[in-house]
């Protein structure tokens, strides 16, 4: 313990506490709470019953009221801690409530009805995870189908993105040709045109191409990302031209140069683009929602949204399925963290 | 891939077996392309490499932009261009019809100008706070920390969440029955409706977008910090230079290229803020967090008072601003490139 | 190039697999509660009885129906059948079932009263039928009233009397607000009409806001200002976004909540026996004691490839016994004259509050004003609702003065009428 704490609380240069050490730890611990806290809170909330979700003050852990089967009553009855007239408290089961008075019975002696003011009783509660928030959507909506669609869109879009973007980046970084700066300018100028801004015309294009209600209608508009071209080109600029010239001397075709030399050398940047592409496509919501209106084509994020009715939003399902959609992203993160951090450092974003 | 293979040679063999069809495919592609190369020459191959991307890009990005421009010159509520009548610059005129250009409420399209104003203040505040927090985080992560990759992960992790999830999480925290009020309640503070107070929601949208994106920028800055040679610091320490002076004289100047990238990226992203705010506040209360992208989306698509032409006109104006911002980035990028070559 | 042909092949395969098969009928459906499950069950039974027809129920969120369906319809896309609430606005896209159904007279007799809500003006089209008729109305938390010792205002009580009573409850029971109303133009229209408002001008187009409308809006804004009415839902979004205030009521934080009949099932399941609640009908204004009728309709879409199958399904779903079963299981008020006249609906709930509330709503529907009955079938209702919600929302957030809001509402509506080119 002592060694561990000494290690963790290691200070700048091993000297006494400097003010920057304090700032550092305040920032880190604060960051830990602010960054992770909300997600943890969401995860716990996703196990709550609808009634518990609407409660204030909210509890961190999901609770349900305890029930007991009492002789002489068909349905299980809710248990309460009731304050008795003599000041003692007793666990009673509620038979029914009429206005301000609850009719209760002692589960051990169910013969006699006790009348208790509803303010004098508090429900007996225990921690319980409402796993039906998870199981119901799994059985009710074709979760596996949505999962498959999401995986299909994510993987296909990422593959195409990597191929066409790297080809374009290769052309833009390793060739001198007329219109190169124009192409570069156009790509850069549209670098950050948000989809929501061109939604109306894009919709009419998708619709006239017959890609409405088709997963390709989701995939194609996203694959020619200017961002991807930009990142890859910046990286390819660092590949020495001598390598390519040497390959040309050896009679390698341009395609071979691209495939055999440039692509392997661009691997770190490709990894970054791949990771981001996976995350973006997995999280895409608005556009799939617009293009896909058939159940068998829904992606997970679209499937999630069906729990918002006109008048009521089924929060318990939404929260639970949100957690489910977060899992792959968290996995990607845990396993590929190294690539993300080193990749960003190594790519054009420098 | 599925079964764990103890022998590395076997893994290698498996890998090459898996790659075999890919290699075959690439070789197959090579044959027709060689013919093309013969016809077009080496220079001509650039077009071939560029073609697939530009084709998709042209159809799904450029063409919509052009159509959008045409839309902005048409009127009516019909959705398809063929059914819309040409109105010239009417939509633009309508956007610019104001009694007093300093007061959005005096304009015909008050919502548009409110959105412009909101977006402006959002961008200014969010970007400066973003740079500040990302820089502090990067500096701290650059220290000699135990479990550094864990801390890096802590700050980066929200970047991977979908904007919808980000919005939902924070809505769940800030609402009246939410976690924040619960926390305050423990200290005897009465629950407050954070999401109904115009000033707080504005702050909340800035805070939430910081939460969601700060890690990304911090990582870019961290990469820059780690690239600064250690011996510079050692030399400074030998000279007895004060830490503050080291920061201003060594760290900041050498970090400048990364900082500029962060500024521009953050600027562009801030201008287009939409999803998380849409989920979090819906633009409210009133129109206090109504930003440009949401205005365009709602005017063109989602509102019962739908008007695609007006939305298109607004988006063209916004596009102009974005182009200017991107050109700034281009300028910086080229300066950086020249520097790199020197 | 090979990748491309491969891709093209894959795309083609995908196209094939998603192309409509003959005999497929797609329903776009949104759910507020259990009606999706009930519908799924009914559709399953239909398919058993009609093996040639494959019905696919696409569950979507309400926002898809509201925001994206109109765009799909404009493009000639869309499902074969849809459950919609903006029925009149999109009526030019609905299919005329008159020549297709088995017995048009049955449809006219039983669904005729609402047929105008879902067809273009001046036609005799049969577009579909109402899956539910709704009526706006209030709910009171009786337990809170009892605990405060405030008697519930009677059936003829005015909005002022309700506000005063609820305020007493609020002060005695320390609830955050005394009343709340959903963020919806449709909801707010009910009290406006009770105050004598009439949206419809002499020419059938929207009239400027009249005195009745302004009177209640002024009162409403005042009530929100002094903390009687809940501000939360009204300022929690921009534009005409819908928000319900049901959660506060369910939580026991609200003595009086103005919403509508569709909330009954929701309240019953979520409140359980946490407190006693009653439906109160609509409070009165100087002109009437009206609620706003409305509802969701199941309509056939013109662009369907399989009109015969669509009509067969619609015929089946519109049968008296099916409508009755659907209503009983979903706790919805039916829109079928035969079912209503015969009565004897046996709502499938053992919650006494829900049963009483449904009875109350049936009774309250008798005092619905003529102005209210006209609105669901009026082309411009949604336009007026949207403008009112947008501007009143801004006023409540402190951005607009009430007088300016009135001017803006009129201007917004006039602009929309002008834009539509009618």
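Order as written gives the chain letters A, B and C; numbering starts at 1 within each chain.
Keep in mind that, in the parts below, a residue touches a chain if its C-beta (ideal position, glycine included) is under 8 Å from a C-beta of that chain, and two chains touch if they have at least 3 such contacts.
Quick caveat: nothing in here was measured; it's all calculated off a predicted structure.
Taking the mean of each chain's C-alpha atoms as its centre, the chain lying closest to the overall protein C-alpha centroid is A.
In terms of C-beta pairs in contact, A-B outnumbers the other of B-C and A-B.
When every chain is reduced to the mean of its CA atoms, the largest separation from chain C belongs to B. A straight line joining the Cα centres of chain A and chain C is 32 Å long.
Centre-to-centre separation of chain B and chain C, using mean CA positions: 38 Å. With centres taken as mean Cα positions, chain B sits 17 Å from chain A.
Residue positions of chain A touching 2 or more other chains, listed in rising order: 54-56, 163, 204.
Residues of chain B found to touch two or more other chains are 29, 33, 52, 79-80, 176-177, 191, 294, 301.
Residues of chain C found to touch two or more other chains are 3, 63, 71, 75, 247, 251. By the touch criterion stated above, chain A contacts chain B in their complex at residues 7-8, 10, 12, 20, 23-24, 27-28, 31-32, 34-39, 41-42, 45, 54-58, 163-165, 167-168, 170-172, 175-177, 180, 183, 185-194, 196-202, 204-205, 220-221, 223-224, 226, 229, 234, 237, 248, 253-256, 258-259, 279, 282-286, 301, 304, 318-319, 322, 325-326, 329-330, 332-333, 337-338, 340-341, 344-346, 349-350.
Against chain B, in their complex, chain C makes its touches with residues 1-4, 63, 67, 70-71, 74-75, 86, 89, 176, 231-232, 235-241, 243, 247, 251, 382-383, 385-387, 390, 393-394, 396-400, 404, 408, 411-412, 415-416, 419-421.
The touching residues of chain C, when paired with chain A in their complex, are 3, 7, 11, 14-15, 18, 26, 28, 30-33, 37, 56-66, 68-69, 71-72, 75, 77-79, 85, 142-143, 146-147, 242, 244, 246-247, 250-251, 253, 259, 262-263, 266, 269-270, 272-274, 276, 296. Of all the residues in chain A, the ones that touch chain C in their complex are 50-51, 54-56, 94, 96-97, 99-100, 118, 140-141, 160, 163, 203-204, 207, 210, 212-216, 289-290, 293-297, 305-312.
If you check the complex, the residues on chain B that touch chain A are 26, 29-30, 33-34, 37, 42-43, 45-47, 49-50, 52-54, 56-57, 59-65, 67-68, 71, 79-81, 136-137, 140, 143-147, 149, 151-158, 160-165, 168-170, 172-173, 176-179, 181-182, 185, 191, 211, 215, 219-220, 222-224, 226-227, 243, 257-258, 261, 268-269, 271-272, 274-275, 293-294, 296-297, 300-301, 308, 311-312, 315, 318-319, 322-323, 325-327, 329-330, 333, 337, 340.
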